[in-house]
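Each chain gets a letter, A, B, C and D, in the order it is written, and its residues are counted from 1.
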Amino acid sequence: MSFNKLDMDTFNQIREELLGTWPTGQGLELEEAIAYQKTIPESKNFAVAMQRASKEGKTLLQPRAGVALIPDHIELLKYLETEGEADLLPTTIDAYTRLNRYQEAANGIARSLEAKTSLLNGFPAVNHGVPGCRQVTEAVSKPIQVRHGTPDARLLAEITLAGGFTSFEGGGISYNIPYAKKVPLKKSIDDWRYVDRLTGIYEENGVHINREPFGPLTGTLVPPFISHAVALIEGILALREGVKSITLGYGQAGNLFQDIAAMISLRELAHEYFLREGFEDYELTTVFHQWMGGFPEDEAKAFSVISWGASVAVLSNADKVIVKSPHEAMGIPTKEANAQGLRCTRQMVSMLRDQKFLVSEDHREEIEQIKREVKCIMDAVYSLGNGDIEAGTIAAFEAGALDIPFAPSMYNHGKILPMRDNDGFIRVFNKGNLALSDDVMAYHRDKLEERAKAEGRKVSFQMVTDDIYAISKGGLVGRPR
Amino acid sequence: MRPKNIVLGVIGFDCHSVGNKILETFFTEAGFKVHNLGVMVSQEEFINAAIETNSKAIMVSSLYGHGEIDCAGLRERCIEKGLDDILLYVGGNLVVGKTPFAQVEEKFLKMGYDRVFGPDCSLEHVAELLHQDLLSREEKED
Amino acid sequence: MSFNKLDMDTFNQIREELLGTWPTGQGLELEEAIAYQKTIPESKNFAVAMQRASKEGKTLLQPRAGVALIPDHIELLKYLETEGEADLLPTTIDAYTRLNRYQEAANGIARSLEAKTSLLNGFPAVNHGVPGCRQVTEAVSKPIQVRHGTPDARLLAEITLAGGFTSFEGGGISYNIPYAKKVPLKKSIDDWRYVDRLTGIYEENGVHINREPFGPLTGTLVPPFISHAVALIEGILALREGVKSITLGYGQAGNLFQDIAAMISLRELAHEYFLREGFEDYELTTVFHQWMGGFPEDEAKAFSVISWGASVAVLSNADKVIVKSPHEAMGIPTKEANAQGLRCTRQMVSMLRDQKFLVSEDHREEIEQIKREVKCIMDAVYSLGNGDIEAGTIAAFEAGALDIPFAPSMYNHGKILPMRDNDGFIRVFNKGNLALSDDVMAYHRDKLEERAKAEGRKVSFQMVTDDIYAISKGGLVGRPR
Amino acid sequence: MRPKNIVLGVIGFDCHSVGNKILETFFTEAGFKVHNLGVMVSQEEFINAAIETNSKAIMVSSLYGHGEIDCAGLRERCIEKGLDDILLYVGGNLVVGKTPFAQVEEKFLKMGYDRVFGPDCSLEHVAELLHQDLLSREEKED
């Protein structure tokens, strides 16, 4: 089958309309933006930093952070650079901007100015416009990325890339299904095609920009094969539009061996599928997210969860780890709490970076198991789309052949129920319409029966609920009380 | 006793769906008839659903930090629409940043919410309070 | 060869003299003490708790804690029980008492009363006497142990066991060589024979008392085979005197695979050597100590070190973990800091308890390597003593065939220099006179050369210093700066 | 310039030997002639060693928490024994419990120590100060 990049005419037509949707978009020149990007020193380029980390076997640390006002946001980032020892910086975007509610964001900025504290849960980059973004990116010395959760991120991408950010998170599936309710998947995939094409244009003009599909999805009991399938699809779609630096992500599941198997299989699968799609010229790196589900409120316990994520990130050779803070269960962290999460992670990363993980035969078997599962899903996607991966993805979500647990989107089937087995591996309890083969499902069912037997209760929905609360209540497998 | 109707949802542009699914299951098992609007629910949608289902309580969640902005004015709008006596419960991570709960509670009580809950609240306790509160409203009405 | 328990005549003779050395010893009746111990509920018996943990595959949490005055000490322990969620309680003894300086301890008590805060680094149990100890042990609801570092702990044992403690830490080597300067090894081994015999007498009278040789020694770059050899010797000496519940310890070295190999080999070796000595009727359990060397000062980083220790404790199936606090680098922790360390550890233990560790072939090889090393040392001990393990131990220390790194004792050879290899395993750089075979040493040297090559510097003493500071400065292998 | 004699040791009944071994190596490499008494050193032993070796500085370590008790009176005893002008440096975990360093410093300065160091002190910096302090004592003597 064949595919083409989004053609320049269509791109320009969309672009013209897009830039008119909010005042800060008006008059944005791509040439000027590219020229500006070229003035940014290599030491601040995200793609370069990721590739170097991968070559040197390092795990880079990145927090999440964003507040409403520019001076506060700069202060926050600088604190995370110095006191937090962060290697990479974020700019987390507020939830109004994520849903293109720029008027509400403006209101949030105004109320934050009044209240002298941020009432927004992130940095409203579109409202602050290109000059505001440049103020931020120029004030820091580390590579900096836009992190968000935006189904239609086209304007955000235009403004932030012109604003000097060198990496952009998200994808048409991962920033829709877990983040939105009513956005059609076809629309978000199309809109992200624009973002990827924009990135491709930068690349073609000699500006290296990193792209990172959002690995963890809903952050809640997501079996590795599901997030892997999404990562592979979004990776392929990005490479098609000319993206060169791609970072695939995965959110910690909790069991050491499942997580390491997931990280190993993610890398191996990506190369396999990318090659199969005809791509050879790309830089693949990985990111591991510390526990993305509910956290314990007690800070000493939260440190433990952060540390465990940090250990597994290093042991699995992630090129980057996304760091949580001891405030996670309660609210957006203060800069101090955020820096504590970073320093805790830093200590772990440096204690463990020299340690090679010795993979056993049984462990290798779990790696193969994940690959088998991913193959089931990807085969279904390709076949439902008659070889067209976009159409196949949309059809797969519609049919529930690809299904993300606990997601809010009405375009998600929402029938799959994951559950932990007796060792804490996330397995599938109810597959819904997931395109898993019978032998794969038999394996999952055996594993879950093992747990049911150990707990002296039937495999049931109660276990799912217990598993969701487990880590925040101190545990991994939600045992009966 | 017929199960009591309640409306449930996550307000504003908030996508956090996990707690919402758990609350739906929990309150249903606790004997309520739950009308769950899911995530990203506007004040209008809450009010319309309460009117349509003849619910005597609205359970508002806000997790993502914009609770202070999103929740303001709901009480006034309920009164406008004739829902004079409706119970308003609100819970979750209601403000931006880790904040002493007493402070959060005060803020939302002032906004006209009847009860305010942190993310750590015991759902059993909430269900008890809700039964009681609904009962005493009924008695008042009689 | 043959051996006998310390005979009752000698025991009683020593005892009479011993009890006269400080007023609180006078008139202490063993029968009364045994009768008192029998009134203690089983739920508070340390030996029972350890054995149950082992059977149920649980890892119990125990902090270190002790202050000068009885009411404060009780308050502290109760706090650790409730807020700290500790499973087992300690009573850490102050350093004057450890060296039988009861007069200085009395002075410390007086000055603490004045200052309204503890000026002693532990609980002076001898000065407080049997009634004081009973006040403490009766006030708590968890099993409670005496933890110290006392070369001559005979009076301390008499008073605390009569005082209701059900476990007693230490041994003739492990509480001398790392803790004292001028105490002859022969003397401390003899004195600990008394302690073990005393414990044996309790056992023979139906009172189950747990004994725990101190595993970590100097806590600084101790290769597993050295602490294992000491643990085995002290275990054998204790069993000989009638001890039935024995907990062997090991201090975290830092590399996950070395630590797990150490814990597995410790258990396997113990059963092997105990059986060889003719013991079959004993309860063997293990304790893992979170990092015992220098800690980072920053509390967020300290949490990371605590968490790492907690993870390895669970993954290695330790029956008990000794918990550090975020204040470790700075001073004796407040009760709050101590409880934070416990809660952090609790979270990790419950997140990881369901996870089985998958041991690979290469990993199994490291287990065998430790066993080969221990065999070298134990063979030397047996042969130097002509089969008499006490004499052999004394001779081995004198010859340096058994040598503890960085120890203060003049009865320790002090020539061995340990160092980390490129993966962070602790190896032997300079063996001094250690009884290691040539092939074992060749393995160590190869591993260290690997590191030297990676660092582009010669294997040198500077590396040892760098390794000592590594964890406190954020690292494991002390890389050149 | 001949290397300057200094006495080093861990005071009281303190067994922490690791830092002591490092200090010995460090100060030797920094050009001092170090008379290391090791751990568990009494005040008398420090003073006698200083007299015997004609040392102009005593470097006292205390790690185990009893520093406040063990270190008191050393200055007075030095004067008694005719060591009027000897430099007294003290370092380590000097008191029981995590305490703001300024407080610890004040306590030990009052006891007559010339300089006080926490466990995190930079040894390079200490060596510099020691060279300077010894130099200015010599100048005074001249």
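The definition used in the following text is that a contact is a pair of C-beta atoms (placed from the backbone, for glycine too) under 8 Å apart; a residue touches a chain by one contact, two chains touch by 3 or more.
Just so it is clear, the model here is predicted, and its values are computed rather than measured.
**Student:** Can you name the chains that touch chain A as well as chain B?
**Tutor:** The common neighbours do not exist; no chain touches both.
**Student:** So how far apart, in whole Å, are chain B and chain D when each is placed at the average of its C-alpha atoms?
**Tutor:** 66
**Student:** Mind checking the centre-to-centre distance between chain B and chain C? Centres are C-alpha means, answer in whole Å.
**Tutor:** Here the centre of chain C sits 55 Å away from the centre of chain B.
**Student:** What is the distance in Å between the mean C-alpha positions of chain C and chain D?
**Tutor:** Centre-to-centre distance between chain C and chain D: 31 Å.
**Student:** Quick check of your reading of the touch definition: is the inter-chain graph here a line, ring, star, complete or other?
**Tutor:** Graph shape here is a line: each chain touches the next, no loop.
**Student:** Chain pairs that touch, all of them, please.
**Tutor:** Final set of chain pairs in contact is A-B, A-C, C-D.
**Student:** Which residues of chain A touch chain C once you look at their complex with the stated criterion?
**Tutor:** 254-257, 296, 298-301, 303-305, 307-308, 310-311, 315, 339-348, 350-352, 354-356, 358-363, 422-424, 471, 474-477
**Student:** Note which residues of chain A are touching chain B in the complex, please.
**Tutor:** Where chain A meets chain B, its residues are 94-96, 98-99, 101, 104, 107-108, 111, 117-121, 149, 178-182, 218, 220, 293-294, 297, 327, 329-334, 337, 406-408, 461, 465, 468.
**Student:** Spell out the part of chain B that touches chain A in their complex, as residue ranges.
**Tutor:** Within the complex, chain B contacts chain A at residues 12-15, 17-18, 21-22, 25, 38-40, 64-66, 68-69, 93, 95-99, 119-120.
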